[in-house]
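Note that the chains take the letters A, B and C in the order they are written out, and that residue 1 is the start of every chain.
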Amino acid sequence: MKPILMQFDTDALPSSFDRVVAVDAGVEQLFSYGNVNGENVTGLVHGAIFTRGPADLKHTAIFIGGSNVLEGERLLNKVTKTFFGPMRVSVMMDSNGCNTTAAAAVAIAKKHMKLEGASAIVLGATGPVGQRVSELLALEKAEVTLVSRTLDRAESTRDAIRARFPDARINRSSASTPEETEAACSGHQLVFAAGAAGICFLTEGSLARIEGLKLAVDLNAVPPVGIADISPMDKATDKSGVICYGALGVGGLKMKVHKQAIRSLFANNDQVLETQPIYELALQVAGL
Amino acid sequence: MKPILMQFDTDALPSSFDRVVAVDAGVEQLFSYGNVNGENVTGLVHGAIFTRGPADLKHTAIFIGGSNVLEGERLLNKVTKTFFGPMRVSVMMDSNGCNTTAAAAVAIAKKHMKLEGASAIVLGATGPVGQRVSELLALEKAEVTLVSRTLDRAESTRDAIRARFPDARINRSSASTPEETEAACSGHQLVFAAGAAGICFLTEGSLARIEGLKLAVDLNAVPPVGIADISPMDKATDKSGVICYGALGVGGLKMKVHKQAIRSLFANNDQVLETQPIYELALQVAGL
Amino acid sequence: MKPILMQFDTDALPSSFDRVVAVDAGVEQLFSYGNVNGENVTGLVHGAIFTRGPADLKHTAIFIGGSNVLEGERLLNKVTKTFFGPMRVSVMMDSNGCNTTAAAAVAIAKKHMKLEGASAIVLGATGPVGQRVSELLALEKAEVTLVSRTLDRAESTRDAIRARFPDARINRSSASTPEETEAACSGHQLVFAAGAAGICFLTEGSLARIEGLKLAVDLNAVPPVGIADISPMDKATDKSGVICYGALGVGGLKMKVHKQAIRSLFANNDQVLETQPIYELALQVAGL
């Protein structure tokens, strides 16, 4: 029985990026759908679960993608609610690469230093990738400071993380200028920049000035980057004593994690690969 | 030369159900199109008939599907009219599973009893599946009673069947409540329920009360079912002396017929697999 | 690493014709997109160039098609502008079959006679195929006369060809009736008809009356054909001493060229297969 991956994309044209990765992960039969939403997804899921016998459902899987992470989360929720009893297939959600990117970034940090008890600060913490990086740092028992333009905006992210990890040590900090951001970073060992394209959090020379900083990861590949001292190609590059990673430097591991996640969907029919399971895969792929 | 199946679906998103079945029938290259209609189908058909030499056209075939059976019928008509001379490919129409479902239901009935001369009643006879069940029962020379809410509505179905089988013994009956329906069923050996989702034709206990009833098939899988005594999983289940089939009980044969029909499309380039040819396949698959 | 062809089609439904040809050229993984335009194509191209390492980018390629040649040209321009440095894949443009048709037509003419210095006239020279036929004749150093309804309309075509071939000998001629067209053809050795469907340039008996004519190619397959003396199936057919080709007579070579062009996309990652490179392929395929 041939493995089938159904790609449910919330954009009009299903991501060609996700399609290439699926093929390179060994998928032969890829059913790509664009404009998938909460209404039309039910019939697609029925087609996934009602066509093969329960013992063969592990040969069918679903990938949820698209540029809008919130829509992807809603779609994942709808898809899993359509399943019942043994009538389910494994599903992965990685809209805009949010889960594989966050997982790769935190796994890379763990490769360089002990995260438990470490002091980490996340810039752009309220965005989809920033939230996920923060959640994974909390999972690793780091002390996480969420930075956003106003304290209010960081609250829902903090609450969401605390709902999963009641003991998580989460701080909030507001910063609306590079100067304020640099001040907020002082004393932290790790900084992650996960802002939207076009937002520069830390200007040139910041890394050398932030006290105690050991590792900096900038997940924005499009200029201007989020941390001016980091270039997208940086990969464990030492800059003023700080280990630096740019978006493409993280990208190699991210791609491996994405492919491994696709492959593992077909191991059985009841997986839901979102942030944490994908992080577990990232640790395996990174040899941790 | 690789076999290619072109899926023309009248819905916006081409059915994932039909795609899985096509792959499981051995199709490697499946071209799935959504939103196909009488206007844009011509170019698609030209792409099917003008790309390979006449001797190789049997390696290309068309599957017409979608939730709207009437639109599917119109599309089939347009597709076959676009063919000319040897420039044609085999085509199958099974919008909403109408043909494979009706074929499987009647083949199952034939497995249990002689249909020629038998007295059968079809509830929801004016819908797409009900019409097809009635037509196949007429083909088998059963005496068929078409039930609908008003006598008028059953007339076009009766006329359509008589156009094909002038000697067919077709009765009409109207019933708008479970009580009237139960009364109409009295004395019939076979009852088929082919209504839309949500319509309950016969309430609990009906099967035991209908005089002379031997076999009952309910083709609705979504609760409430069409015959309250039958559950979707029933498969030759004896209930008060009546052999009962639910939608999923018919589903196993239906799926086999669907796959066999897809495979047989590639035997030559001039088949039109609709109700009766698909029924012939169902009899073969059922070993009849 | 599996070869992937991404089909970017400017029509809503990606051409089934181009899909079959791609499969018959050996493509296993074909990503077909409809409604592709200058805005949404950027993300699709990024998915092509950012997923595989530079050394493997030759295993991914892009095909641009659709019924509107001008939109296809704009899309090709946008696609190639999205590439940068080594981040590129090979791309072919053949909207409405314009390039493969023109290439096959001129290659066939070259098979029969020396084109250098020959006198050729192109009817419908301002349309997409006519422009390309004219350009390839200029490349072969034929003396080309462009015919359109008014002299003005032929000017941009002439200027475009002269921009590429400053020494090209290009004449313009206007003709709005079959009589004027026949008169314009007098003395030319080759005539190509490349008009839109429904336009008849030369009425019955014209070929016998045109002085000095040796070869006539009509690229319109839909009746009424462009040259009434030629039928679509004509393939090197002698009519009144003129070698005649109809659209289907050219079609065999056209299909071979199309397939060969698709195959050659995967030789490396920096080809742009438009009019002239496709003509070079046509000469190879024709054994010239």
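Basically, a contact is a pair of C-beta atoms (placed from the backbone, for glycine too) under 8 Å apart; a residue touches a chain by one contact, two chains touch by 3 or more.
Here the structure is a predicted model, which is why all the values come from computation and not from measurement.
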{"item": "Interface composition of copies chain A and chain B: same or different, split at half", "value": "different"}
{"item": "Copies chain A and chain C - rotation angle from C-alpha fit, nearest 5 degrees", "value": "120"}
{"item": "Centre-to-centre distance between chain B and chain A (centres being mean Cα positions), rounded to whole Å", "value": "46"}
{"item": "Contacts with two or more other chains, residues of chain B listed in rising order", "value": "none"}
{"item": "Sites on chain B touched by chain A in the complex", "value": "12-13, 15-21, 23-24, 30, 32, 67, 255"}
{"item": "Residue numbers on chain B that touch chain C, as the complex places them", "value": "1-2, 4, 6, 29, 31, 33, 35-36, 40, 43-44, 46-48, 50-52, 60"}
